[in-house]
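Take a look at these structures.
Note that chain A is present in both complexes that follow, paired respectively with chain B and with chain C.
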Partner chain A sequence: MATLPAPAPVQPRRRRSNRPAWEGRPSLAVSLVKAVVLLLIAIVMLYPFVYVIGMSFASARAAASGFVLFPTEFSLDAYRTLLSGNAVPQALQVSVGITLAGTALSVVFTVLMAYGLTRTKDVPGARFILYLALLTMLFSAGIIPNFLLIKSLGLIDTYTALILGSTSGFISAFNLVVIRNFFMELPQEVLDAARVDGASEWQVLTKVVLPLSKAVIAVIALFYGVAYWNDFFTAMIYINDTSKWPIQVVLNQYVLTGTPLDALAQGNTTERTVTPKTIKMAIVVLSTLPVLVVYPFLQRYFTKGVLTGAIKG
Partner chain B sequence: MRGLGVRTGGADGVAVRGAEVMRPNPKGEAPAGTPEDRRLAGRSVWSRIWRERWMYLFIAPGLLFFVLFRYVPLLGNVVAFQDYSPFLGFTNSAWVGLQNFTDLLTDREVLTALENTLVLSFLQIVFAFPAPIALALLLNSLSFDWLKRILQSIVYLPHFIGWVVVVSIWTEVLGGAGLVNQLLAELGQGPVNVMTNPDAFPWLVTAQVIWKEIGWNTIIFFAAISMISPQLYESAAVDGAGPWRRIWHVTLPGISGVIALLMVLRLGTVLTVGFEQIILQQKAVGAEAAQVIDTFVYYRGVVGGDWGLSAAVGLLKGVIGTVLVLGANAALKRFSGQGVF
Partner chain C sequence: MPAEPLSRRQIIRLGLGVGVGVTASTVLGACGGDAGDSASSGSRELKLPSFTPPRELPGTTISSFPDVAPAYDAYPRPPFKSVANPPITSGKPVTTFQILFPAPPPPVDRNPYWQEMNKRLGGELRPTLAPYQSYGEKLQTTIASGDMPDIVFVEPGQNAQAVVRTFKEGAFTDLTDILGGDGVKKFPNLAQVPTASWKHAAIEGRLYGVPKPLNQLIADAGFAYRMDWAEKAGMTSKPKNADELVEFLKALSGNGRWALGAMYPRWFLMMYRAPNNWRLGSDGKLVYYVESDELEPAVQFINKLWKAGVFHPDAPTQAWSPQAEDLFLSDKVASVGGNFGSHFGRRGTVGNFRNAHPGVEIGHLMPMGFDGGKPAIFQRQALFGQFCIPAKVGKDSARLEELLRVLDYTGAPFGSEEFLFMTFGIEGRHYTKDPQGNPVAVPQGPVTEEIGINYFNQPSEAVFYFPGVPGDSVAAQKWVEEAAPNWIPDPTWGLISDTNNRKAAALRQLEDDYLLGVATGRRPMSDLKVWRDEWRKGGGEDIRREFQESLERSSG
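Moving on to the complex of A and B:
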């Protein structure tokens, strides 16, 4: 007797969809319309990035002839030209420095303040200070008074102005609320146990609270980091010294206001093999890169972080 | 606020620890009424402050920031009542009363900026405000979680891109030498440059705002939708309501509170339209179409040195914004019985 082929294991019908039992299957027409709309949205959101990245890597010939998805001929000349010049590497350095220093300082002081404001019942004045901070979400002093303040503090043309005067705020009231709400939801018994054991508040914060809060701190760091990296307004207003410009201002200068690109090349010999267009797109890519690199790692955290903050705030 | 009560016991280290050890308190309930507690409650505010010195140390730098960079500048608005000159400073510049305010009423540029701002705000409230609600409903109707997650990652992305990059990318795709015009040229059509057309500018700005923020702004609506009880949907379905009617009678009423809240906040910023977004495109479109209140204040004040008038415009804008938020909140309270604050 020939051995029978083993019966195919009965696949339990797994429900991949989370559609509840009472809900009928959507009609084909509706599903089709949905699929088309969602596909269009995805294309509109992503395609510009694909095109710009492709253009930045295109050879002069491919750039001139045009392409839809990927250039027909690749070349790194645009990046070589940019990185061998002065302006872009310097601006990247400024941006990286401001973003790292600013994010670190902002996160530290936001976390400290948020923790200090968690026990408003016990700390006299804490509730008042909390409201003082929250109230700033409702008004702004205005461009002129802020400018005059930075000026009278002698911070014009300093990196300090880029951090303390940043558009989103050195300490953003929103981020403060997000972190504070998270701290308030931690199991207070654990914190109290540490206190009973004689831990000072500094020890409670660093040994108990922070290890439990890594995800939300990562989210806040992302928010601050992105805000510092993308900030154009602050540098435009407070920084006149071109050697202190961050990358966003340089990008505006060369890509949008049409300042000739010659200044970027600085006697480089590859000039003839690259077109202004690819160089511009290479600047765009360089000034987006850090965000694009960090985004996938952090994006699964931030919905949760924003949710808690947004609902409670 | 569970567990907070415990802290009334304070961190006077040793003494309190002793009390706690004697009376184990696993649930973290307030040890109300211990002699220790009463002794502490009777102590002065100063001793409470001393006991919480760490907390004040934590708060201090942040408080300093908020006071110095958020409240002190409010005082700088006195410039609006002065013929301010940086060389003379606040104390020596001449006071001109309401002169700056009467001047701005007859300044044609101010009026243009106001008109442009209101047009842009109107378009954004009508189109950019409801767009994320629609997208949230659409994504929420998807039956596959993995698909929903992928789409969310995609639509959130532009939120993290700076305006300089966004405008550069749009110019590259839609501008005169951009992709769309290359395709049009191949079809034998003349160039259409949306990026430099003053008439199209308000629509362009609105489209950019939608592109950049539609995904990100769905988050708060998702949160609101997720808090609606599934039983409501189920009973609606059992009663014969189809998908559309369930959206209309269950989902939308369920998130109406959040929508009202966001609308109140949005009305407060009706005189604020993206400064960076607009100033970056002003050169391309011209100041007639792309001058808004904030860019006017910047050019007239920081660049042009007319500090008094531009500060007056800024102050007026700030006051109107605050009044609008408070007014919208009061109206909301009257109609729905509950305000945002």
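Moving on to the complex of A and C:
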């Protein structure tokens, strides 16, 4: 008598790869969806920039249509109007000077303070000072106490007030924490080795710590630079001499008050060469251009620096 | 109400040589020209400075309405001298705190206008210029520091409401006894400041500063509209009631164009005779316009217009803004509101429109009663800020008098040589003269930036004078004459409420949200009640109580 053949064994299903699903190569459909989403996000983010730049280079006639992305009639009149006056070139010079000087000084003092505060066990009072610094992240003294302090130091109407009285702080507690954490993550053995070799603390800082900290220093320099460049309130409160106003205060005047506009107010001329909108956009471009120019050079440090400074081991 | 104190753009439109009206006397009860004039109508007996009528000049049109200023067609040739000697005699510099509207001026060593100002004043002027948008913070910081300049421009409506309290706390010199009655005659130019300006400058019945006089007609009290579009649409006469207005505005809309570029809510509130912010009832109780019976029908009407498509789609974001003016100048909308001063002259919005559209006639439309009756035109305080002298400085009577002489110079009347300088600058540098002798500003540029320090108490925004456009000054005067019989004041002028100082901005935001929300249909009409409740709970009741108390104090 014949026997029935045994059923074939069931083969288990196998994945094509042993890698997790999210590490696998995405399918064409998924890639397309991702591309479309990223493109839309890029358009949304770039659109305001393109609009502002386009409008700033538009002639009055082109701008009158209300919507200009790529001007049909190109004109530099808005920039000529702004740069031919006294206010904008002077303000740009002030802003550049304050930003460079303020950034340099703030970085130096922040680094020194952060390094000192890494040794809270060895330096008497360091922990207390660290807590005081952190307290400033919670709340500020307020406009009037700060004003009275600056006034009592005799700094009203001085460039020093723009640096020491900066809204984000001459030594920002946030930046201080970022750098301090980074310093504390550095291998202690390297620092100890330097000390054993006879290096002073200053030599340890300058010859060992700082060369290893380029990324995070670039990051806080960028933070400070942007803060000084954008600082409007400090100048508005502490500076009475209009020749010392930085670009943001002048920008405020032009954008919010629409001056010197009404180019129609150009005496007997009947033709508008600029409109309030083109002037405003031009001054927005002038005031954001320096930051946009500098940022790409620091970008490679940015991501690395922020993450390594922010994470406590 | 989009309870607009005078905004910057309303003032800046009035700039060089573009004027609006001033009343030659008060509005409420008092009449000008008598010594020892007092303000009554519920306020303490305030001895107002006596009024000296302005000099009679050729080409002047005197209004038939007693409270409306004369109109001037030309600047007198030659202008008369109103101040015999430079006001500063002590040799000390005069420091000031001033608001800055235009671009910042160059420093004195590079500024011929500033140098000339010093020469004319007989001493050094050292101004601290506060950018318009940040004026409030800077003023409050300066006052809090206790170290104020000699002359301080105080305008609480520019984000500085809290400053009102400082008047009663003794921060500034009380000038009532010095300038009241015939005391002001020691300063002949200040004696020509309209009585209404002094009256509206008073805080709880006392004078603390020299006002910058202003026309009493608020912004958005009238539209300028394109008559070519109206005629093409068959609208040859002005609407007389709400229904006719709907048809009129609909006729101006269509084919990618709209009648109105902004919401202009106050215009419609005036049609429905709503209170000018507050109303003082016969029972002596203050009622806010949000609580009034007139609000709902007014908002319903705006909603009706919204549905009819007469508003530009961007109008809800533009209660009153330069964008609305841009739309008018770009031929997108048929009309423009704004400060009525910008409707006249060579350099206002309408002046610019005429330059670009020669031959196009412009009509003017005031609010009409919704039922064909009279509207309630919102009067405005007859001043934009006042120049105050800190109490510490005012203790020295000789210095006080010197500073008042400075203000007497800067407040020189129309027709004077000093007024020309203060308003237009240096002849040949900042302006030239047309064949009729009227000043013509030079094109905007580095040179015109020099005169940025000139915002003082000169009455440039309180006279009917539009150089280069004959007829506009009389037309503007006629417009104010049309409004004057129907204008109503805000009874809370000159009163103090701490809660209002603190919460006015937040409550105003509430108004923008609800009023425009309901008007555009984003919110249901029933939300007006929600708004009313939120206003009351959010501080409105406290504001009312404090204003009532202040009113009682003012009444003595």
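Definition applied: the second predicted complex is superposed on the first by the 233 of 313 C-alpha atoms of A that agree within 3 Å, B and C clash if a C-alpha of one lies under 4 Å from a C-alpha of the other, contacts with A are read in each partner's own complex, and residues count from 1 in each chain.
Quick note on the criterion: a contact is a pair of C-beta atoms (placed from the backbone, for glycine too) under 8 Å apart; a residue touches a chain by one contact, two chains touch by 3 or more.
This is a predicted model, so every value here is computed, not measured.
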(message) Applying the document's definition of touch, where does A:N86 land relative to chain B and chain C: first, second, both, or neither?
(response) second
(request) Please work out whether A:K151 is in contact with chain B alone, chain C alone, both, or neither, and reply first, second, both or neither. (result) both
(request) Would you check which partner chain A:N252 touches, where first means chain B only, second means chain C only, and both and neither mean what they say? (result) both
(message) Once chain A of both complexes is superposed, is A:G54 in touch with chain B (first), chain C (second), both, or neither?
(response) neither
(message) If we overlay the two complexes on their shared chain A, which of chain B and chain C does A:P71 touch? Say first, second, both or neither.
(response) neither
(message) Just checking: does A:I143 make contact with chain B only, chain C only, both, or neither of them? Give me first, second, both or neither.
(response) both
(message) Quick check on the superposed pair: does A:P290 touch chain B, chain C, both, or neither? Answer first, second, both or neither.
(response) neither
(request) Report for A:D241: first if it touches chain B alone, second if chain C alone, otherwise both or neither. (result) second
(message) One more residue to check, A:G102. First (chain B), second (chain C), both or neither?
(response) neither
(request) Take the contacts of chain A with chain B and those with chain C, and give the residues found in both. (result) 66, 143-144, 147-148, 151, 233, 236-237, 249, 252, 256-257, 277
(message) Going by the contact rule set out above, which residues of chain C touch chain A in the complex?
(response) 8-9, 12, 15, 100-107, 110, 128-134, 137-138, 140-141, 144-145, 147, 322, 326-327, 329-330, 332, 347, 351-352, 355-356, 440-446, 448-449, 452
(request) Write out the stretch or stretches of chain A touching chain C in their complex. (result) 64-66, 81, 84-87, 143-144, 147-148, 151, 233, 236-237, 240-243, 245, 249-250, 252-254, 256-272, 275-277
(request) Within their complex, state which residues of chain A touch chain B. (result) 16-20, 22-23, 26, 30, 34, 37-38, 41-42, 44-46, 48-49, 51-52, 55, 66, 109-110, 112-113, 115-117, 119, 121-124, 126, 129, 132-133, 136, 138-149, 151, 164-165, 167, 169-171, 176, 184, 187-189, 191-192, 195-198, 200-202, 205, 226, 229-233, 236-237, 248-249, 251-252, 255-257, 277, 280-281, 284, 287-288, 291, 295-296, 299, 302-303, 306-307, 310-311
(request) Would you mind writing out the residues of chain B in touch with chain A in their complex? (result) 1-4, 6-8, 10-11, 13-14, 16-17, 20-21, 26-28, 45, 48-49, 52, 54-59, 61-63, 65-77, 79, 86, 135, 138, 141-145, 151-158, 160-165, 167-173, 177, 179, 182, 211, 215, 219-220, 222-223, 230, 233-234, 237-238, 243, 268, 275-276, 279-281, 283-284, 294, 297-298, 301-302, 307, 310-311, 314-315, 317-318, 321-322, 325
